[in-house]
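For clarity, chains are labelled A, B, C, D, E and F in written order, and residue numbers in each chain start from 1.
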Amino acid sequence: MSDVITFGEIMMRLATPGFLRWNQAPHLELTYGGGEANVAVSCVNYGLTADFVTRLPKNDMAQRAINELRGLGVGTSHIVRGGERIGIYFLESGASQRASKVTYDRAHSAIAEIKPGEVNWDEVFKGARWFHWTGITPALSDTAAEVVEEACEAAKKAGVTISADLNYRKKLWSKEKAQRVMSDLAELIDVCIANEEDAESVFGIKGAEVTSGKIEHRQYEEVAGKLVDKFKFKKVAITLRESHSASRNGWSAMLYENGKSCFSRKYDITIVDRVGGGDSFAGGLIYALLRGDDNDKAINFAVAASCLKHTIPGDYNRVTLEEVEALAKGDASGRVQR
Amino acid sequence: MSDVITFGEIMMRLATPGFLRWNQAPHLELTYGGGEANVAVSCVNYGLTADFVTRLPKNDMAQRAINELRGLGVGTSHIVRGGERIGIYFLESGASQRASKVTYDRAHSAIAEIKPGEVNWDEVFKGARWFHWTGITPALSDTAAEVVEEACEAAKKAGVTISADLNYRKKLWSKEKAQRVMSDLAELIDVCIANEEDAESVFGIKGAEVTSGKIEHRQYEEVAGKLVDKFKFKKVAITLRESHSASRNGWSAMLYENGKSCFSRKYDITIVDRVGGGDSFAGGLIYALLRGDDNDKAINFAVAASCLKHTIPGDYNRVTLEEVEALAKGDASGRVQR
Amino acid sequence: MSDVITFGEIMMRLATPGFLRWNQAPHLELTYGGGEANVAVSCVNYGLTADFVTRLPKNDMAQRAINELRGLGVGTSHIVRGGERIGIYFLESGASQRASKVTYDRAHSAIAEIKPGEVNWDEVFKGARWFHWTGITPALSDTAAEVVEEACEAAKKAGVTISADLNYRKKLWSKEKAQRVMSDLAELIDVCIANEEDAESVFGIKGAEVTSGKIEHRQYEEVAGKLVDKFKFKKVAITLRESHSASRNGWSAMLYENGKSCFSRKYDITIVDRVGGGDSFAGGLIYALLRGDDNDKAINFAVAASCLKHTIPGDYNRVTLEEVEALAKGDASGRVQR
Amino acid sequence: MSDVITFGEIMMRLATPGFLRWNQAPHLELTYGGGEANVAVSCVNYGLTADFVTRLPKNDMAQRAINELRGLGVGTSHIVRGGERIGIYFLESGASQRASKVTYDRAHSAIAEIKPGEVNWDEVFKGARWFHWTGITPALSDTAAEVVEEACEAAKKAGVTISADLNYRKKLWSKEKAQRVMSDLAELIDVCIANEEDAESVFGIKGAEVTSGKIEHRQYEEVAGKLVDKFKFKKVAITLRESHSASRNGWSAMLYENGKSCFSRKYDITIVDRVGGGDSFAGGLIYALLRGDDNDKAINFAVAASCLKHTIPGDYNRVTLEEVEALAKGDASGRVQR
Amino acid sequence: MSDVITFGEIMMRLATPGFLRWNQAPHLELTYGGGEANVAVSCVNYGLTADFVTRLPKNDMAQRAINELRGLGVGTSHIVRGGERIGIYFLESGASQRASKVTYDRAHSAIAEIKPGEVNWDEVFKGARWFHWTGITPALSDTAAEVVEEACEAAKKAGVTISADLNYRKKLWSKEKAQRVMSDLAELIDVCIANEEDAESVFGIKGAEVTSGKIEHRQYEEVAGKLVDKFKFKKVAITLRESHSASRNGWSAMLYENGKSCFSRKYDITIVDRVGGGDSFAGGLIYALLRGDDNDKAINFAVAASCLKHTIPGDYNRVTLEEVEALAKGDASGRVQR
Amino acid sequence: MSDVITFGEIMMRLATPGFLRWNQAPHLELTYGGGEANVAVSCVNYGLTADFVTRLPKNDMAQRAINELRGLGVGTSHIVRGGERIGIYFLESGASQRASKVTYDRAHSAIAEIKPGEVNWDEVFKGARWFHWTGITPALSDTAAEVVEEACEAAKKAGVTISADLNYRKKLWSKEKAQRVMSDLAELIDVCIANEEDAESVFGIKGAEVTSGKIEHRQYEEVAGKLVDKFKFKKVAITLRESHSASRNGWSAMLYENGKSCFSRKYDITIVDRVGGGDSFAGGLIYALLRGDDNDKAINFAVAASCLKHTIPGDYNRVTLEEVEALAKGDASGRVQR
């Protein structure tokens, strides 16, 4: 019985070391990650219990993913075993004006071939308080989308709060398909999480001009308002990334509820690893809301948590509750702790 | 225009460093290889020209494979671009009583989805003298098998000698399917290359007991004789591996023609990397036969070449003609060269 | 509730990479290990449940040890938290005539300062079938020895079989003290495990001349017989290491019961990492006896398991049941598995 | 037949990893580079054909340089083989207020001992459109300077545009000697490329104060004007580096022709590897001018190209045409590409 | 006979590579360092002779520390051998808003168990001109504090100038104990070095608010004045760190004497390794004062020296006199030196 | 004042990691070594004092060589500074039938350009007991040969014993030149050290057939006898290497004096790094003879010392007196020391 349930794909992450481009790297750093697994790790780090549900083949590559999650304290007993391969993503770390580059090799993965009925969702949600998934999961395949729906319905039945991070991936599906599938699922979502581009990509609801690096608060409130009007979300959280370069970002977020928005403090981040930044935000937000923080405190906790993630290699946000709290309370000086 | 043409799959090879098992490795060594590419590299190293034909997607992972081959001097201009992914194989290096372990993630690769007509074989074989492929290529898919047949027929028409290394892979196809497909193709083969198990797996022709580590010359002559009787091969080459352990092997080979067999010198090898050992043998044999060596000299060149391969990390046999000749002439002392 | 309970010290293992001597190494490989933790990992790998009990401080260095065990499937919920430091051992890997060198920095570790009453042994042994410890644990401190006795008595009360590996460490205590303490504990032991030197060091019972590399079966039977006479052990297992060099060992073992000895097959091992070899033997033996193997089958399983350990970096024996079975059934050829 | 011909020295580059100083590094990263080779790589990356001409000994160290260029698509068939050694440069990467440090070990290299007549320049320039060299080549030796002159004359005869990057290196020759030799060669140059210090070092034509970090546009126009007056260059390109620190630079450039100057956009760069920055500018400029860009578009392409180079380890600018175009068109946000 | 004598603890430093957190690191970078050893290395780098006095056990871990110091030119002949272990500190490098984290494992080290009388201080100070220690040494143990006093008295007797860096470490002792012990020792100190927090922690003398990143000159003058009033220090040096983040700091210092303060230039530093920053300041200051610089020149030399330290991995400031002079004279551009 | 003086070249050693061939290595391991420096390190490791004399330029590459020797305890104060470069040798580690490959880049090194008069030999030999050089030093250049002669004469005058290791290097000089120069120097040598090929290469005195791997004792006695007859050496030591492969060697030696030969125990070595094997033998022999061992004990100490060297990466024999003694006394079991 876990507080938080997440469902999605975990992939092998093969990253070039340092700032090497793909054709220079003598070896690839091997870790694992994926939006929903990343959120489960975050929740556990703050003291919640969490279970990650997915489908993985029986081979060494998948078993290591499971062992690492288990080592981090994430429940893995509901993972379905089957299929031929675990998805892979290749990562080349960018710097300055050169963007990081993700290449997916995730087609035909075990989770993409999942079928409704393979997971016993009633069992999974026993005692659970929160269910989280991202827009990547229904994008994997039609059957994966069906399983997301199946899960949401079971969660609803069990009285579990549902959050979804829109997380639009253009290489997985078209905007048209995303809009069609996600609009159906949206009605089951309580807390909608998005970045500054997702709302437009997935629901055609337009936000601010993002490549400029300038973020207008008003525009985001409008977007959140429209989302709530259309889909009846209880809360909408939007992360606000100011991409000065691949090495430096401004990072803040807004939490919107009942026509009222809270904007968090903004961090000026020197980036170590930006992948998983959004997931660490979702993990922080879920934790903060579950422990009963008000919206202002919750959005600041979530942003502090994800600020730290940008300084840690790999998808997972390897931080403690104390570290996030210290930053959320204002100590961003980075002084040596001894 | 190249002397030698090879056709098959090249994969990304992701190997754990040192003797680490899969679940211990912080990173994976990245190289490329595949039976037919390995043979092309060998041929070029001895001074021949060689072209490797395959199908690869347009992405960084595939482009690096091409660039590396081009850097080594292999012709890559006939490679067809298309498809979604390059195949991968994961390698865990064994030692002593623990075997090396290869896990394939090659389904749905670009070459598996090749179709007849995509390669202009008449163009490819212009000026060529030798065509080499392995039993892996027709095992990839039915269409790949068709393209092998298409290639062989074009080669025959162009008067090009054809060699094939049986290279049975049980994870790619059943013995039944292998036997059916390979028997059809066998009639187009001039030089058949096999290890001590392949003849039985592919053609049901039984060889000696191999796990014992003892190799009986007579049994191999019988196998070769039966193969020639059945498929009219001009020459049959069989590699004889005595697996004392993952760290130490005896290595020799036999070349059979017209009822007469030549057995090579046998090397006692301390193994650095055994993968690609058979391919380096084929590469050495093709070179030696193309330059006109008699069977005795040819089989000794091929075995010396492949002996050296076992000492070199990666699939490719990175040796010079001079190094192979020196070993073939008897200097196996390993004294420091300065 | 776990099948197997082990109790002892887990240390940070800091090893020079490759064959570098201490004063050459730019970095140290970081893993964890210790006799009883190693045995727990082995048991879990074969399908048993196992809990490792120890005392560890609340810091990053200790937490990682716990997380890694948890990731491997070992139960860690009975670990007592407290104390100032986790023990460390430095390892320099030897080769050929140069021996591997272990330097301990384990004084004042959390487990050395454990006190009777800190572990709820009755709770720990609920449902357990086997309790294992080594002679290192009582050597850590007088209070640690008291806790071993406390544990053994609780185990006996719970009807749990007790095994102990004598594992004499001359840097931890004198032979005199070892003999005094271990003789008291010996009466609680059902299965006594030793190497060819331990019986003499710990109990003054003399074995064969070991530096010669020659092992006399008769002498070991005598040693086992004397041990049984004196301490009423149900079984005595002795590992027989022939140290040809740091790179090559002969490895076999004897299991003795009721005046009858079974000698296992002997393996000629090219060594990758010899540390933990004895623990992997104990782990294999416990598993085999728990599943009901007869002595001959059990000793061969244990020796095959530990043979494989010598090929794997780190203390833990990262093998599967299938791999051990395959070797125990005779396939020591080390052929590539694909 | 290649579009672009470059001529100069390629060296082994041995760099300390990370930010380690020379006396800390356990190993040295091995790559290759040199002004003219770097330019050839850039041109090929944008779709041109390019040949790099040099002189290299017959040994493993030189052969690898050739193989890597060939792998990247650079023509190497005109490289003269001979001499005793390939030049080396040692690189220590700086950070913040600590400058990167280059130590040359290039005396007596094969190219320094080249003699007129060794390269068949008429053959080299068949079908070529552009010839590029840098001020380093004539600085290597008197005979190298003669071969530069020989090459320029052949290029002129063949109607090939000639560009030269002044690239003054004070450890190779004095300002006096540079001025004497370069003034003779200057009349053969069509496009003169320089950084903010070169014009003064090589031709005694004074530019702006550079250590201040402030760049005055007017001063650069004056310098370019004087250069054109004196040597009749068709175009003069000057790169404008604002060295805030070894970790952060401002980077822009000016292209001057017929009394009119175009200044590019300026980039604020977080530096990964600054070596080869000027060469990547030259490569971008040659490409842009060869495809017919006007001066404004050309200088912006060249600066965008070289901006990206600062983010890539090694001398070569490993970018695609698409990546440079995207940056030149204004997307400097460094957002993750997936 | 050495110009400078320093006395304190040298530790093994085990740091995670890159920005990895403790639970991610496959290996730990191994170097050595400690406040007083770091100062000795700095002094030698500028051309002084220096001896480092400590107590170290006879094992490989300690011998390497000595060999490295000797290799760098530091005198080690007065090091006392004895004790059981060398102290260790674990370091996790922070970035941006995530602080670096130091975990000590130094209890029971050889130096903590030193006793008065073990060092022949009269011999040590023969011909010496300067004695430096830090507040860490007396914090190690009561006997270590006694030995500091013993050393200071011998130094005074020999007419040697004494400097001490307050260096308060809250994990070693309480503020109360520090204040008691240090107040006794303070009267023997000529030059007191502190950072912006130490004066308050050790002597209860309050400085400016430091987490804000803003530094008020006046407040520091007040602190220095109070220190001089109370303890009769000849000079007080205070380093002023503005911690914008773990990746970027402002860095300057003040030197106060006779009621007059000199403030140095301030550097904006992109941090590579911040540990040892204060020690490199002390080393620079001692050198500058020993060669007779006036306070203004001395404080600027010391700050330039320590600015460079922030760019160098490891505790030691591996710079030359020329490099520090160049920066102190104003060249902070970080331009490549070739 | 040092017991032992050695004179020769120290080079940067750049080795491919693992068993990678030159064209595969992403980086090169950086260490230093050279025959005479290696001998000095050995002597110091056994407790003698030793000074290494050479000529080195003033740059980072040379300074590190000096610092490392100093760190190991070798005296470096007589090293002459000057010249342009430190020599380099590239090393590719062989395995099994593939030989290790050394490529020199040592022409024009500082020591090759040394001139008579640059070293104050009378000063150097004050208090010395032994002078050692190898045949490499006079092979570097005519002036280097003159300096060897100058040194030998000063050593003779000072009553210092002189040993020389013939160490023929065919890439440095022809057999004819070696014979001419070395014959002149031979009369100054007391102890002549050679391997099984040197005597023939340098003096035309024929030894046994070496590539066969079989060593005939009688033949070596004959060679030694002839050397003594011709050059009046007091002792002749010949190392006997049986090269089974690059991974496994038999290793023993003979010491001959007054018509009587002592043959050492023979070791069967699994090779880690064979370079410097002969130098470690010389170092062991010098130590053993200096402490007064008889020939039998001396030759066994020297062979045990050099046996251990084969297990240690890098040129230097990083062993203790205790370790060599233990092996010389017969413990070659390689058992873990704890």
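We take it that contacts are C-beta pairs under 8 Å (C-beta built on N, C-alpha and C of every residue); 3 or more make two chains touch, one makes a residue touch a chain.
Nothing here was measured: the structure is a model prediction, and the numbers come from that model.
Visitor: Hey, how far apart are subunit C and subunit F in touch steps, shortest way?
Guide: The distance in steps between these two chains is 1.
Visitor: Among all chains, whose Cα centre is located farthest from the one for subunit E?
Guide: That would be chain B.
Visitor: Using residue numbers, check each pair in C-F, D-F or C-E against B-C and return the one sharing over half of the contact pairs.
Guide: Having compared contact pairs by residue number, the answer is C-F.
Visitor: Name the chain whose C-alpha centroid is most distant from the C-alpha centroid of subunit F.
Guide: It is A.
Visitor: Quick one: subunit E and subunit F, Cα centre-to-centre, how many Å?
Guide: Their C-alpha centroids are separated by 43 Å.
Visitor: If you average the Cα atoms of subunit B and of subunit E to get two centres, how far apart are those centres in Å?
Guide: 62
Visitor: So which stretches of subunit D touch two or more other chains?
Guide: Residues 23, 26, 67, 101 of subunit D touch two or more partner chains.
Visitor: Give every residue of subunit E touching subunit D within the complex, in rising order.
Guide: My answer: residues 267-273, 307-308, 310-314, 318-319, 323, 327, 330-338.
Visitor: For the complex, which residues does subunit E have touching subunit C?
Guide: 14, 17, 22-23, 25-30, 59-61, 63-64, 67, 84-85, 88, 90, 92, 101, 103, 105, 107-108
Visitor: Show me the residue ranges of subunit A that touch subunit D in the complex, using the header's touch definition.
Guide: 18-21, 23-24, 94-102, 104, 169-171, 211, 213, 243-248, 274-275
Visitor: If we count contacts the way the header does, which residues on subunit C are in touch with subunit A in the complex?
Guide: 67-68, 70-73
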